[in-house]
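Below: one structure in structure tokens.
Should a chain be cited, it is by its letter among A, B, C and D, assigned in written order, with residues numbered from 1 in that chain.
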Amino acid sequence: MSAKPKLAVYWASSCGGCEIAILAIHEKILDVAAAFDLVFWPCVLDFKKADVAAMADGEIDVTLFNGAIRTEENAEMAHLLRKKSKVLVAYGSCAMEGCIPGLANFADRKHMMQYIYHDAPTVDNPEGVEPQPQTTVPEGTLTLPAYWDTVKTLDQVVPVDYYLPGCPPEAKWTQAAVEAIMSGQLPPPGSVIGMDVTVCDECPREREEKKIKRFYRPQEIIPDPNKCLLDQGLLCMGIATRAGCGALCPSVNMGCRGCYGPNVDVVDGGARMISAIGSVIDAKTPEEIDAVLDTLPDPAGYFYRFGLAHSMLRRTALVRENGDRRAQPLEEVPHLDPKLKT
Amino acid sequence: MTASNGAYVYYPGCSLQASAHAYDISTKRVAERLNLTFNEIDDWNCCGATEFFSINALPAYSLVARNLALAAQTGGAPELVAPCSACYLNLRKTNDYMAKYKKLNQQVNQALAAGNLHYNAGSLRVRHLLDIVVQDVGYEKIGAEVTRSLQGMRVAPYYGCLIVRPDTGYNTEYPTHLDKLMTTLGATVIDFPMKTHCCGGHMTQISEAVAYELIRRILKNAADYGADAIVTLCPMCQLNLDVYQGQVNRTFGTDFNIPILYFTQLMGIAFGMTPQELGFGSEVVSADRALAQIGREEPEERERPKRKDKQALPMPALNGGGRSES
Amino acid sequence: MADYSQFNPAWGDRAPVIIGFLCNWCSYRAADLAGTSRFGYPATLRDIRIMCTGRLDPTFVVKALREGADGVLVMGCHPGQCHYEEGNYKAMRRIALLQRTLAQLGVHPDRVQLAWASAAQGGIFTETVKEMTEKVARLGPMQWRDNLEETAPHQEEGVPL
Amino acid sequence: MSEEKVGVYVCHCGHNIAGTVNVEEVSEWAGQLPNVAVAKDYKFMCSSLGQEMVEEDIKKEGLTRVVVAACSPHMHEPTFRGACQRAGMNPYLFEMANIREHASWVHQDDKPAATEKAKAIISGAVRRSLELAPLEPFRAPINKTTLVVGGGIAGINAALEIAGAGYKVLLVEREPSIGGHMAQFDKTFPTLDCAACILTPKMFDVGNSPNIELLTYSEVEQVDGYVGNFTVRIRKRARKIDTTLCTGCGDCWERCPAKVIDDVYESGLGYRTAVYRPFPQAVPKYPVIDTESCIYFKNGRCKACEKFCPTGAIKFDQEDEVVVVNVGNIVLATGYDVFDARRIPAYGYGRLANVFTSMEFERMTNASGPTDGKVVLRDGVTAPETVAIIHCVGSRDKNTNVYCSATCCMAALKFAHLVKEKTNAQVYNFYIDMRTAFKDYELFYTRLLEEGTHFIRGRAAEVTDAARLPGEEGKLIVQAEDTLIGKQRRVPVDMVILMVAMEPRADASEVAHRFGIGCSDAGFFTERHPKLDPVATMTEGIFIAGTCQGPKDIPASVSQGEATAARVLGLIGKGEVQIEPVRAQIDEDRCSGCRICNNLCPYNAIDFIAEKGVSRVNPAQCKGCGTCVAACPSQVITGQHYTYDSIMSQIEGLLYDVRSPNEKVRVVEMEPA
């Protein structure tokens, strides 16, 4: 048995960007390779699930788990890796708070299948084929893992020791995490490896007292490069987003999208944004308020872009229909604003 | 102009086809001038006026609701306009009560179902013609249409009892919107304390003595204030004050000679239309003398005393704060 | 116990639960006045006293929904009469934005309402609770926890994924 | 789990709670809650025995939190905080569960539901109590100067009492003179003594008291601070008169050519000049120039007053002056407005010349009024032979004001007597009910009955000049149903007096907002408790007296004025105040300086420290509303006593029965590595 600590990296429901982000630590990757014994990394090395299953419980020292949990397979691997790992790290926004895959929680499985296999304009599926959990072919029966109604975060499925925020995590934080693990100087379990302030702290833009009369979408104005974007009516999530990225987006005239998730101790980043943004709208009557809010389409999409699956409500409401549940279709909610309808 | 965009569902009622023909044609002429479109309900029936409501309520409500159901099918905005005060009240009452009392709503709709009709209570807004004119068209726009000011003509604005309550948005005891409309047309509006008192209604058929006394009070008050005409908005009021004026004179030995005109007729005159196209001539007490007053210079002393009386105490001003010196 | 299944059969023998956030100066006192005046209203409201509706963090609203409330009623001083000048305006704006956001999550705007009652308006308070209760009763139970339980089909059943 | 030991006490409040809520069941149930060490129910928790029980349990059982489930915290929170403090527990670790006003009294028809709700409320309170932190109230010295707003009879008495005890008073009056409505009256009921004779000496005392600084023709614009330490900004409107030079000789107003109707003091029945002193006994004696009617201000010519002023006191260029003062307590005695009778057109006021309001009639009967005290018709010469007095004009009427204006019945009796005395006319009172409560009032009513005044019980329907019957020609006819004989009556009269209602000042809600107090539905200022705290308000250090609190007569206004003085003197005597430590605090280490909170604070208590790039709350200015706490997008502002955790826990507690079990937002437990 190798004396080096064992490292595993796994990719669940995610885009793969986190895998690349691990490599973005550049030459430090050599230190990692030197320091760790890579025992499982499906994207890079040819290990199989059976290899992991064969390991003793707790045999893996650290697992960097990226991606959300959206299928039975994701969940199964999460449970397996949890069992085999001493330290399980939710690596990146998907594993930590659901991220973009988590936006599927605005719909349900049926809606997803309907769109992906039938309604999407690029689909050519005249026979209306949908993937089945079991398909019988001459060679036998093929199975696919079940697809869930709800995308979950890693910690909604198994206990998680550390979190690395970001979509993807910035190299310096991956590096910090790796160094901490290598040196054994780990923060208390449950910690997020990152900062405890928000993006504004790293953002060089000049900020004023805020009064927002209308919101602009990025294509509607060319913002002043030195002034706070929010002050100029561009929705920037930086105020409620954990720092650590170095204010990357605001520094290129783009409002923060919120990928680092909410600040420490905040359980619902969207609600924080609603409160903060609601506070500084410059309107006093319901009509004026509506007029301002009409310039802010899709608030839930904005505020919960990365954190929906980990938010207080986690998903859109499901209603029962013939004993089966489905997501409340938006049309059935009398909207305050028709623009909210998609 | 409101959401109705000038288009209304129109319920003429029986009077406008008979005794109040002048009201009907003057309404149509004025509406045309003001770009109001009145879509008449097809196959409308009695508004349930008279005593039907006190005899058997459910058929009465159903009778009225049939009109509402048909009105709801008529094109245009969900605004139903009735020029007759009695029609207005009955339509509005039925509409409001059906919306308020679920049981009534259910029973009436059950009755309507027999004729394959259904009415969603409250889906229409029932309004009197005068309300449309002053609210939706507005004084300013009406003023702009005036080509022949009614200056010189002294009118007593008579509202009657049916359109002022409840919850009309106007003062129920002393409404002034008709006053203001007449002022807009250039007429001199007299203070008319009897403006919402009873015209006698159906009392003429039940107890003539009572009815004549009620009519006499109104005519006397208008005469006391020197009115050239009484302007009204209700076929019943017009009928009683006009047709029975001679009878009242005989009964009480009085000499009233006051024409009773519809406000739409005077609007038409002010808009430059001829008396003929507005139905003048059908009134019993001729309007000729009143119309002849138009254009006459108002004698100064009729309005205010020549010299300020030094001893007199200041009189409170009517509009808003402040006072006028008497 | 009132029968709420008349509004929506899904209630069965249960009653709606509404979490109230009442400001210390107006609406909480309006609720007190409703009490001293013995104005009856449905026992659906469970209220929390905050100093001002300006303290209303939308997190509290989503928390209440998440924890099983069927509705949330926020009540403050009338606009222009806030004890702290204009905390209620902030609440008005936050709730408006929250309602839009929640609508996207399938939460009917009637479930999260903002209303006003001055300290002298026990009657208005009572009526507001009655109206809110009826609205929520019509909408049926919320039971957010149901939304959090996964319903992954068993593969054996052969249903589409 | 928390280590705290909670004591839960369920009060029966006699039958008030126990009659609806099953208190024994609730208390037994509460005993099973986590952290609850003691759960008891007791007949009257607020009694000394109940309080001692709490104190004993804190000491014996080592309770660290106390929850009393009883009435509203506005009723007894201070009581039980006191008990906790006596037993050595920080009073801010006490939590009240309101199961009376919010449960037993409002769910009397559904006892099981009331009991279940009481459990939820207690569960919420227990959970909240666990999150409470010990706090220390702020202490601040009390500024010994008092601001009295309004120089009517209530404000005058408050000012004189406080000044008499040796403390400074600042008396602010909007009009050029103090005196208020009482100065307009001639006689006062029921004794008929002369209003001026009893008011003028008091006004004189105010003007001469070394402890009273009088600011007339002035208004309070802004109020900041808290009990003991208010900062008030007052605008002294320019009188255009140099009061250090003016002797009040009267040369100016005697020469002034601009005559205007005096809507204030003469109620529109008389005239005044553009430079004027409202009435001869005015305090202070200096006139003011009404720039709206002054010819010089209109077209730049005239200046008659300046020419004739022997001391050169006319200063056309004088400007408003703003003074900022610090006071410890504030008495509001801003009075009432009279109902505008034109709002009831059926009574003909403004249309029919001989319809007068009661305030017009007050001026008419006043010997120094426009008619020198003669009762005459609008023509100024004819004495009426018959007079109708209509009660409740704008009172007890759902179309206008539903309340009773309390003084009009007695004033109407006074008028009836004066009309009779001065003209020997027949007087008809149209009333709904005669309300002559209070000392010797009924005697006066009896006296009027004996004087032969007619009383017709029925609200007048209308006043009209439309004659119908013989004898009505040229008269005003009052139509009313005489409900005692069950008949309609038409009474022809020469003069009608409308007893107009007392209404809240037109700007009452604005003023209330400025001072941070509440208004009732009708619009009068709200007292802290209608029975037991009638002159205090919900805002510490601000008191109300007189008709700004509701319609009342002179004796009641005087009593309230003096009561406020007692309350103010009580606070001054204490020397210092304790202020609730409910404040916001920013964790500067974690503030990112986004500046969302910066302009949310209505008190400008949040400063942005540019060098550090963080925001900071100034605790002296913060009033603890929590708006910034809720708004902070990084959640680094803490609202003391209403912390995030305390409210989140209370939500969980309140929903204890509908929550899904074992629900956790984030699983952090892990197996040992």
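The definition used in the following text is that contacts are C-beta pairs under 8 Å (C-beta built on N, C-alpha and C of every residue); 3 or more make two chains touch, one makes a residue touch a chain.
What you see is a predicted model; the values in this text were computed from it and never measured.
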item: C-D or B-D - the one linked by more C-beta pairs in contact; value: C-D
item: Most widely separated chain from chain B, with each centre as the mean of CA atoms; value: A
item: Distance from the mean Cα position of chain D to that of chain B, given in whole angstrom; value: 46
item: Intercentroid distance (Cα basis), chain C paired with chain B, Å; value: 48
item: Gap in Å, rounded to a whole number, between the CA centres of chain D and chain C; value: 32
item: For chain A paired with chain D, centre-to-centre distance based on mean C-alpha positions, whole Å; value: 55
item: Overlap residues in chain C, where contacts from two or more other chains coincide; value: 57-59, 63, 90, 94, 148
item: Residues of chain D engaged with two or more neighbouring chains; value: 600, 627, 630-631
item: Pairwise chain contacts under the document criterion; value: A-C, A-D, B-D, C-D
item: Complex contact set, residues of chain A against chain D; value: 58, 86-88, 155-156, 158-161, 189-190, 196-201, 207-211, 228, 230, 238-240, 243, 262-267, 272-273, 275-276, 278-280, 312
item: Residues of chain D that touch chain A when the two form their complex; value: 590-600, 608, 613, 627, 630-636, 665-671, 673
item: Chain D partner contacts - residues on chain B that touch it in the complex; value: 171, 173-174, 176, 191, 193-194, 217, 220-221, 224, 309-318, 321-323, 325-326
item: List of chain C residues in touch with chain D within their complex; value: 1-2, 15, 17, 19, 25-26, 28-29, 31-32, 34-36, 38-41, 43, 46-52, 54-60, 63-64, 67-69, 80-81, 83-87, 90, 94, 118-121, 126, 143, 145, 148
item: Complex contact set, residues of chain D against chain B; value: 261, 263, 268-271, 342, 344-346, 348-351, 353, 364, 370-371, 376, 378-381, 462, 464-468
